[in-house]
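Here is the structure we will look at, set down as C-alpha cells.
First chain written, first letter: the chains are A, B and C, and each begins at residue 1.
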Amino acid sequence: MTTRDWLLADSPTSRLQANVGRAYRVFTALLRNPLSVLGGIIILVLLLTALFAPLIAPFSPTGQNLSQRLLPPSGVNWMGTDELGRDIFSRVVWGSQITLTIVALVALISAPLGLLIGAIAGYFGGWIDKILMGFTDIFLSLPKLILALAFVAALGPGINNAIIAIAITSWPAYARIARAETLTIRNAEYISAVQLAGAGPIRVIVQHILPLCTSSMIVRVTLDMAGVILTAAGLGFIGLGAQPPLPEWGAMISRGRTFILDQWWVATMPGFAIIIVSLGFCFLGDGLRDVLDPKSEGKS
Amino acid sequence: MSPLLEVENLRVSFPTHSGRVEVVKGLSFTLGRERLGIVGESGSGKSMTGRSILKLIRKPGEVTADKLRFDGIDILDQSEKQMRAIRGARISMVMQDPKFSLNPVMSVGEQIAEALMTHQKLGRREVQQRILDMLTAVRINDPERVAKLYPHEVSGGMGQRIMIAMMLIPEPELLIADEPTSALDVSVQAQVLDIIDDLVTRKGMGLILISHDLALVSRYCDRILVMNAGRVVEECAAGQLAEAQHPYTRGLLAAMPVIDETRDELPVLDRTQWAGT
Amino acid sequence: MSALSLKNLDVSYGETKVVHGVNLEVAEGESFALVGESGSGKSTILRAIAGLAPEWTGEISVLGKPRSHGVDRSVSRTVQMVFQDPYGSLHPRKTIDAALSEPLAIHGIGNRGERVEAVLAQVGLDQRFRFRFPHQLSGGQRQRVAIARALMLEPKVLLLDEPTSALDVSVQAEILNLLKRLRREQNLTFLMVTHNLPVVSFLCERLAVMRHGRIVEIADVAQLKQGELNEPYSRELLAATAGA
C-alpha cells in the first residue's frame, strides 16, 4: 500500500489516518488552483528568506558606507544602496524577518482572541452577547490605522508596541465572524446532542463550535495579512513602528521618500517586497477559501 | 393521437473523480394525456428524469437521448430561449418545498400574475379575474385576501396550493410534480393531491407525479414506473401494483409498515442484489 | 414506577406558549408515540424532557425523579435523544469514532475503544465505518450512528424525534427493525414523535394524539389498528393515512 492509498483510504483505521487524510484532500484540492499555488510559493520564499537571511544577504543590513551612498542597482548592489550606503537588497532580505514576525504575532494574538470572544458572545447570547459585541463595535467603528496610531502613541514607538497595537485593532473583525458562525451552529442538532450528553458550555464551545469556525478564520486571517503588513509599513512610514536602524520595509520607504525623484530605487524596492508578499497572502487566502468552505464539504 | 411526450433511451450523467457517472441509464416511456407516476428511492434518478424533460439539468451534467419529444418538438434541439417559451406555458413543474420556490418579496397575487403575463397578453381586469378563479380552483376560500399576502404569511399547505395555482394558470399541457407534498402534513397532502388530480382530469392535461411514496402514487396515477439506480425495474397499471413482479418493487411494498401491523419484523431489501448506488 | 411522568406541563418559546397542560405517564419498558401534525407541539414536549426547551412550568419526572430545567449531567445518563435529520445531527468535522467517544469522555468513562466497537456492532454498522467522516455515510448509516451515540451512556429512556421520516422506505424498515430489537435487548423505554401512523402501529404500544399544543386523546395501539379512535380529530388523521 502506497502512502497515497493510505491517505485516501475510504475506511481509515485510526483517527490519525482519518484526519491526516482529510488534510491531504484539502492540500491536493489547493494544488489544483494555480493562483493559490503561486501564493503558497511566495509565502514559502518569504519563510525561507527570513530563515536564511544571514546566508542570503551579501552585506550587513546596518553597516554604513558613506562612500557608497545612493548607488543605482548594479551587479554588486542588486537593488542599489540608500542614503547611508547600506545595501538595499540585504536590508529587504533582513526586513522579511521583521515582516514575518509582525504577521505571525498579530495572527497568534488577534485570531484566537477574536474567535473566543465571538464564540462566547454567540453561544450564550443575551446580555453577555450585548456587552461583548458592544465592545467589539466600538473598536470596529474607529479606523484601524488611526486606532493603531493612538495605541502606539500611548505605548511609545517601537516594533513590539506596533505589533500589540495592530493585534488590538484587528481582533474585532474576527469576533464578528466567529459570532455569526456560532449563531448558525449553536442550534444544530449535533450541538444539542453533545449538550444532552452532559457537556458543559466550555467543552461545547472549544471542542465542537470552534473547530467549525476555524476554517473561515484561517481564510480571513490569511486575507487580512496583506492589510497587517500594510498597517505595519504605514506605522513604520510615519515613524511610529520599527525604529532605525531596523530594516523594516515601511520605514525604508519612508526614508526613501526624500530621494524619490532622483534615486527611485530607495523607496521602490521595499515597496515591491510589500506588494509581492501582500499579493501572496491574498492568493493563498482565496485558494484556501475555495477548499475550506464548509459548504463544499461532503461533495467529495 | 400522437403521444404528448416520447422518451427513448434517456441518459443523464455527471462527472465525478472517477469518471462520468450515469444517474439515469437508458429510460424510455411514452405519455399520453394520462397520469404517470415515477416512484423510486433517493438516488434512483427519478428527479433527474423530471428535470431533464424541462432541460433543467445544469452543466456539468449531461443529457442524451435517442428521442426526447414533447408534442412533436425535439426538446434536446431547443435553445434556452425556446425552452423558456415552453417552460411554464406548455410544461409546468411543481417542486417539493413552496418555501424555496416562491419569491419572498412579491405578493402571491403578483407572482401568479407574472406567471400568466409572461406567456399571454391580457387586460388587467381579465388577469385579476383569472387569478381569483385560479385561487378558487385550488380551494382557497377568500382569494381576494390571499392574493395580497406575502409567502411568509401563508402556511405550507396554502403555499403549495399557491404554487400549483401559479403553475396551472398558463394552462400547460403537461404538469410535472416532483414530490409535491412531501413537505406537508398528511391531511394537507391529500387535499393538495386531490386538487392536482381534479385540475389535471378536468383540463385533460398530462401529469408526471414523481414521488418516493408507492401508496400515494398508486392512488393518484393511472400507470406507474418504478425506478432503481437509474433504470426502470417495473412498469405497471396503478391498480395492479399489488401484483408487481419485480423483487425490488415487492421488497419496497413489503418494507412499508401498515396501519394494522402484525409483523414482528419488517422485511428488508437485500441491496446486494441490485447493487446500484 | 413510570419512566416518564409529565404533570400539567406548559412549554413556551419566548412569549408564545406552544404546549398547554399536558399530562402523560409512560411506563418503564413501554413504547409510547406522540402523534400530530406540524405545529402541534409534539417535538416541543420531547425537547422539554431532554432539557433543550428550558422554559416550562409543571412537572417532569424521569424514573420517579423530578428533573430540573435545562440540560443536566445526571439526566443525560438516563435519557437520550435521536433527532430527525441524519444530515444535521452529526458534527461534519468529527469522525464517527470521535462522535461516539465524546459522551464517554464527558462522563470520564474508560475503555472507549472497546465500547465504540461494541456499540457499532449493536447498531449493525461495520467496523470500517469507525473512522469515516459523516459525509462518507448514507442517510441510513448516519441514523444508525445517531442511535449508537444515544446508546453510548446506556440510558433507560430514548426520545425519538421522527427518527425515520427523512429516510427512504426500505431504509426506514431497517431502522425500525433496529429500534425494535434494541428496545427488546436493552429493555428501553421509547417516547417517539411521529406523524406516521403505520410506524406507530409497528413500534409502539400506546399513542397520544396532539393538536394545537394539547393532547386530544390517549389510546392503545389496538384501537388504532382497528380504527377505533374516539375523537373526531384522531379519526381525521387516521382517515388521511388510511386513504392512501
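Just so it is clear, contacts are C-beta pairs under 8 Å (C-beta built on N, C-alpha and C of every residue); 3 or more make two chains touch, one makes a residue touch a chain.
Keep in mind that this is a model prediction, so the values were computed, not measured.
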Set of chains adjacent to chain A and to chain B: C
Remotest chain, chain A as reference, centres from CA atoms: B
Where chain A and chain B are represented by their mean Cα positions, the distance between them in whole Å: 51
Length of the line joining the C-alpha centres of chain B and chain C, rounded to whole Å: 32
Whole-Å gap separating chain A and chain C, where each centre is the average of the chain's CA atoms: 47
Touching two or more other chains - residues of chain C: none
Chain A: positions in contact with at least two other chains: 300
Touching residues (chain side chain C, partner chain B) in the complex: 37-38, 139, 168-174, 176-177, 180, 195, 197-199, 201-202, 224-227, 236-238, 240-244
Partner chain C, residues of chain A touching it in the complex: 10-15, 17-19, 22, 188-190, 192-199, 203, 207-208, 211-212, 294, 297-298, 300
In the complex, chain B residues that touch chain C: 41-42, 156, 185-190, 212-216, 219, 251-252, 255-261, 263-269
Contacting residues of chain C [partner chain A, same complex]: 50-52, 71-73, 76-77, 79-81, 83-85, 88-95, 97-99, 102-103, 106-107, 128-129, 131-136, 146, 149-150, 152-153
